[in-house]
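Chain nomenclature is as follows: A, B, C and D, assigned in order of appearance, with residue numbering initiated at 1 for each chain independently.
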Amino acid sequence: MEADFIKMETGYVPVEAKITKITQPTEYEKVFTLDFPHKEHLKFLPCQFVMVSIFGFGEAPISICSSPDDEEFQLCVRKVGSLTNKMHSLKVGDFIGIRGPYGNGFPVEVLEGKDLLFTAGGLGLAPLRSLIRYVLQNREKFGDFTLLYGARSPHDRLFADEISEWETSEFVDFHETVDIGEENWMGNVGLITSLFPMIGIDPEKTIGVIVGPPIMYQFVVREMLKKEITDKNIFMSLERRMRCGLGKCGHCQMNGVYVCQEGPVFNYVDVQAIQEAI
Amino acid sequence: MKIYFLPKDKVKLLVESVLDEFQVFGAKAKEMKFEFGKIDTAAELRLDYNTTILPPVKTFFPNDEKILEFKPNGQTTSVHENSKKVLFGVHPCDIHAIEMMDNIFSTPPEDKHYLERRKDSIIIGINCNTPCSDKILCYDKGTYKADSGFDLMFWDNGESYLVEVVTSLGNFLASKFSYFFNFFTEYSGDFHEFKSEYHKRQDFVFEKKLTRKISELPEAMRQSYESELWHEVGAKCLSCGSCNIVCPTCYCFDVKDVVDIDLAGGHRCRNWDSCQNLDFACVGSGENFREKSSQRNRHRVFKKEVYLPQNKGYSGCVGCGRCNTACIAGISLIDIYNNVFSEEV
Amino acid sequence: MKPKLAMFSFTSCEGCQLQILNLEDELLSILNAVEIVNFREAIDEKAQDYDIAFVEGSITTPEEIEEVKDIRSKAKLVVAIGACACLGGVNAMKNFFPLDFVRNEVYKEKASCFPTLPVQRVGDVIKVDYEMHGCPITKKEFLHVTKSLLLGIPLKQIHYSICTECKTAGNVCLFDKGETCIGAITRGGCDAICPTFGDGCEGCRGFVDEPNFEGMIQVLADRGLTKPEIKNKFTYFNGLDVIETINDKIEEFVK
Amino acid sequence: MKKLDINVHHLTRVEGHGNVVVNYEKGKVENFQLQIVESPRFFEVMLQGRHITEAPHITGRICGICSVGHTTASLKAAEKALGITPSEQTQEMRKVLLNAEFIQSHVLHACFLVLPDFLNVGSVIPLAETHPEEVKRALRLKKLGNDICEVLVGRHIHPVSMTVNGFTRIPSESEFEKVRKMLLDSEDDILKMVALFKTLKMPDFVNDTENIGLTSDGEEFCLYDGKITSSYGKIIEDENDYLELIKERVVEHSSAKHVKGEGETYAVGALSRLNLSAEKLHPKAKVLVEEFGLELPNYNPFNNNVAQVIETVHCFYDSIERIENLLEKGIKQENYKDYEVKAGRGAGACEVPRGILFHDYEIDEKGIIVKANCIIPTGQNLANIEKNMRKLVPEIIDKPKEEITHSLEMLVRAYDPCISCSAHFLDVEFV
C-alpha cells in the first residue's frame, strides 16, 4: 500500500475539511469525522498523521485514527494547547485545514502472517486504533492478536464502545488496566506493564507494537524483551514537536532522524541507535 | 568557462549598471562591521569586507517570511516571492553554505518558498585573499575556496580582477554587461596557473586551526556523545540562540499566525528558530526532549558534524566562524573540535 | 455586545497606558472591536465589570492591594502590563533599601503618615491571566494580546532571548563594541530595540525561563564589571526576581 | 449663603491619580485640596548607588508622557556634574526631540483631554463619533511627535539612545531626511488644528501670578537651555544655583511642602513661557499670538490651552529648521564615550510641556550617585492651581454644583498636570 499525498499547490497550503461528526469519549478527547474533496482517493497507512490547521491557532500534527479501509476519516484530538483547544470548541459543519498525510506510517506487510502484540498507553490508542481496525478488517492475514491498553483512570478510556466489542471479540485477545481505579471499576488497576504476566505469546512469531506517552516505552520494551520478542520485531510510534511536517523545521529531530520523515514509526533496532529516541 | 579581465576602477561602473537592471545584495558597512543587505548605490557595495554579521544565504530564507495568506472569505493562498536578485561579492564559505541550503530545501518534499526566492538569482563570488578573522575554520574545512555554487567568481589580481564565468546565468550576465568586460578582452594568461598561484598565496596566510584532519571529525565527534565536554559547554552557554541565528547553515524555523487588526484575515509566517532555546524540543504533553543546555549544545554541533555528514554526505558547518564571534560566553567550535580530538584515543 | 476593555494604573509612570494611546493607526479599529471603559488617563467613562482588565503598575500601598483585588473580582481576564506590574520594575529598586530609611529620606518627620509597602508585582496580589512584559510594553504585543484574547487564541510567553532578536535584526553586538548587555538571558519580544539603538539591554522584559545567571555573571565579570556594577545590571528591572539569589551568586562568581 | 462640598475622586483625563476636594461655606473656601494620591516611588532613594550614566534611563521612568524631558534634564545635570559640554549636533538633536515631545504631549492634551470639554462631549470616544476628522487629524499629529522620536531614538516613551555626552546610535542622514519629510507632510494638519482652536472660547478668569521659565538674551525661544528667569525679575545664570530662586516652604493649610519663587506661588508651563518670551517664538507661531487675541502677559490659566497650540506650531517649524541645519552641516558619527568620570554636583534645567524641570545630582569620584533631587513642573504649579481655585469658586458659586465641579476640573486640566510625575520627588505636596 502506497501513501498518496493530497494534491496541493505547495507544501503549506491546507485543504478545507468539513467536520461531519463529533464524539467525545472523555473530558479531554474528542473524535472528529472529516470530509474533504477527493477523500476517497486519499491513501494512507496506519500511524500516519496530518497537519491540522486553524488560522490564528496554528498547526499541529494529529494521527489519523481511522483505518485506511474505513469509510470515515477520523482524528482523535486531546485538548492541550492552542490548536487543540480550538478544535474542541468547533461544531459539526465547521471547517478545519488539513495537509498530509505525513510520516512513514506502519509497514503493514511486515505484520502479515505474524502474531501481534499491541500495547497502547493513553492517547496512544488513537494512532494505534487505525492499525487495530485495519488488522480486524483484514483479520485473515494475521495470526494471534493480543491488544493491551492502559488508561490513566476509567473515565480517561478512549473508544469505550469499541473496547467492549474487542473485549468480547474472538478475533482479539484484549486486556486493559487503569493507573488509578474508581469505585465502579471492576477491571485491572496498575500500570500497563502489569498486564504482561497475563498474556502468553509465541516470541518466534510475534511482532510487538508500542504507542503511548514517552515515559512508557522503556518499561514496555523491557516487558516485551522479557517475553523474548526480539529487537527487530518490536515497533513503536514516537511523538515530537513539529512545525512543518516536511523534514525542514528541525523540531522533530532525534539525533539525526526527522520523525516526520523517517517516523513516527520506528523499529526498535533503529531506536536503540538513536540516543534521544526514548 | 570564460575568464575576463576587469580593472578594479571599473567595478563601480559595473555595479551601477547591474543596479539598473537587478536587485543587488551585497556587503555594506555597518558600524565597524559589515552587513549583507540590499544595495541601493554602487558606493555602498563593499568587496573588501571581512565577513557579514548575517550570511548572504538568508536572502533566500528571510526571517518572518510570509508563507500563507488567509483571506477574510476563508480562502488560503500560498505566498511566494521571486524577483531576480544578484548577490554581489559572496565569499567561498558562504557559497558553500548556499549550495548546502539549496540541497536541503530542494530535497523532497521541496520547499517552494526558498526555491522561488533562489530561482534565477545570480551569485557573484569573490575569493578571499586573507582570512577574515582568527575564529574561522574554513582552511581546515576546505571551504576557503569554491569550485561551484557561483555564476561568476572574482579573483583578485592586484590592480584588477579576473572574472571567472562558469554558468549560463553567469554568461548571461557577462554578455549583458559585456561593455565592461570588453574593456579588456578575455584573459590571455594561463588561468590554471593563476589559480594555483593564488591558492599558494592563500596557503601562506590561512591557518590550520584543528589538531587533526577534518575528515576524522565525524567519528571523533560520535565518540564524544557522553563526554564531560558537553556539560562544560552547557554550563557556559546562555542559551541565547545567537550562534544559530548568524549561522549560514542553520535553517530551523518556527511557524506562527498573525491576525489582522480587523480580526478576519491574516497570514502565517515562519521565523528563524534556535535549537538552543529551552522549548525547542518541547511537546504538547509537556515533555522536553532536550531540557538541558548541554544536550542542546551537543545537538547543535552534532547536527552539523555528525548527522548531516551521515545523512547527506556533507558537513553542516562551512567554517565561517560567525557563531564563534557571536558567542559572548566564548564558546568556540574550534575549541570544541580540538577537545573532541584530544579526548578520542 | 462588544467586549469591555478596562485600563487601570497603579504605581508606575503610566507609560504603558500611553503606549496604548500611541497606537494612533490602530486606535479607531480597536474602538470598533471593543468598548473601552475605565481609562482614567483618557476618558471619563467608568463601568463596574469588564471582560479584560489591563493593569499597569506595581502594588506599593495597602489601598492599592484592595483596589487591585476589586478589579480582579470584576474582571473576567486580568492582564498585567509592563515591567512594573509583571516584575516590580524600576520600583523594585526601593526594596533594596530598608523601608524606614526610604520613608524617612523622602518624608522626613512625616514618615509615619505615608504607608508604603515593599513593592509587589500584580501577580503577587491577585491571579493574573497573562503578563505583558516590557518597559514600556510594545505596541505590537499589545495588539497581539488583544487580538488573541478577542478571538480566544491562547497566549504563550516568548521563550527566546533578546539576543535571538538582536541577531535577527543584524545588529553589531554590543560586546563587540566594548559594551555590555544582558539580552542573552532576557525574554524576547521587543525586537531588541535597545541594542538596535546602541544601548545594552537592561532586562525590562524579565528573564527567560531557566536563565543561566552564573554564565551571565561570568561573562560580565570577564568584561571587567565589578560586583556592584553587575548587581545593578541584574536589578534594574528584575530586583524582585533576583533579590535573594543574585548577591550570593555574584559573590561566588566574581573573584 | 451657599454651602458646597465637592469631592472629585480620581480626576480623569490627567496623568496620574489626583482628587479635588473643596468645602465652601459662608462665602469662604474652608478647605481646598488638590490631593495627590498617586503612590510615591522614591526615585531619589533608588538612584543612590547607581552610576550617573544610569540616571537618565531610570529617571526617564518617572513619567511616560514627558520621558524625553526627564531624560534631557537628567542628561544635562549629569553632564554638568561631569563637566562635559556635549557637541552642537547632540544639543540640536536633543532640541528636536524635545520639540517632538512637546508636539505629542500638547496635541494629546489639547485635542484628546481638553477638546471634549469645549465640544461638550464626555471624552475622546464620543468625540471620535461626533468629530471623526478632528480626531483622526489629532491622531496623526500625535503620531508625528512619536514617530520623530521613534526614528531618532527608538521610541518616545523611554527613549533608548539618549545618553551622557551624546547618543548611543546616531541616525543616518536618510533617517533625518525621513523626519524632515514627515514634518513637511504634516503642515496641513497643524494648520487645521490651529483653525479649530481659534473657534473655541476660553472661560473668562484672571488671576495674577509670577511666571518662571527659561529665557535667553539671544534669539532662541528656550526649551532646552537658558537662564532660569522669574517674571518678578530674578534671573539665575547658572543652573546649579536654581535653589536661589526655587525655594521650598511650608504652607499653613497643608502640612506638605510647596515650592515658591520670588512670590508666594508661581506658574510654569506653556502660558508662562509665552508670558516670558513670546517674541522669540518662530515667526509662524508668533503671528498666532495676535490671531488668537492673546494679550500678553496673560493671567487666565485657561489660556494655557491656547498657549499649547501656539507652542505646538513653534515646535513644528523649529524642528524643520533644525533638521535642515543638521543635514546641511552633515551628520557626524560622534563618539559619546570620550569623557572622564569625576566627582561633582550638577543641576540641569529644561522646559518640558508642563513647565520647567530640574534634576540635580551629586556623584562621587567613581560616578556613583550619592544624592539626587528633582523638581517637577506639576509640583511647582500645585500651589498656583490652588490659588486659582480659591479665586474661581466665589466667582462661579451661584452656578449649579455640577457646573462648578466641571469648571474646577477644567481648570486643573488646563494646567495639564502630570500627577504621576509630581509624586515621585520630594518637593511635592502630599495631602
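Brief remarks on what is shown
Keep in mind that, in the parts below, a residue touches a chain if its C-beta (ideal position, glycine included) is under 8 Å from a C-beta of that chain, and two chains touch if they have at least 3 such contacts.
Since the structure is predicted, the reported quantities are computational estimates derived from the model, not experimental observations.
Counting C-beta pairs in contact, the chain pair with the largest number is C-D.
Centroid analysis (C-alpha atoms only) places D farthest from chain B.
Note on chain placement: the centre of chain A and the centre of chain C lie 43 Å apart, centres being C-alpha means. Work out the mean CA point of chain B and of chain C, and you get 37 Å between them. Put simply, the C-alpha centre of chain A and that of chain B have 40 angstrom between them. If you average the Cα atoms of chain A and of chain D, the two centres end up 66 Å apart. For chain C, the set of residues that touch two or more other chains comprises 148, 151, 153. For chain B, residues that reach two or more other chains under the stated contact definition are 259, 273. Listed for chain A are residues 56-57, 81, each touching two or more other chains.
Every pair of chains meeting the touch criterion is listed here: A-B, A-C, B-C, C-D. By the touch rule above, chain D contacts chain C in their complex via residues 10, 12-17, 38-42, 44-46, 48-51, 54, 57-58, 61-65, 67, 108, 112-113, 122-125, 128, 135-136, 139-140, 142-143, 146, 153-158, 160-161, 163, 167-169, 255-256, 420, 426, 430. The touching residues of chain B, counted against chain C in their complex, run 30-33, 35, 37, 53-54, 63, 235-242, 245-246, 258-259, 261-263, 272-274, 277-279, 293, 325-326, 328-330.
Across the complex, chain A meets chain B through its residues 9-14, 16, 55-60, 78, 80-81, 84, 95, 97, 213-214, 239-241, 243-244, 246-251, 253-256, 275-276.
Within the complex, the chain B residues that touch chain A are 67-68, 70, 74, 76-78, 80, 104-105, 107, 109-113, 225, 251-257, 259, 266, 268, 270, 273, 275, 280-285, 287, 289-290, 295, 299, 302-303, 306-308, 310-311.
Those residues of chain C that touch chain B in the shared complex are 26, 29-30, 33, 143-144, 147-148, 150-151, 153, 159-164, 166-168, 170-173, 175-177, 181, 183-185, 208-210, 212, 214-216, 218-219, 222.
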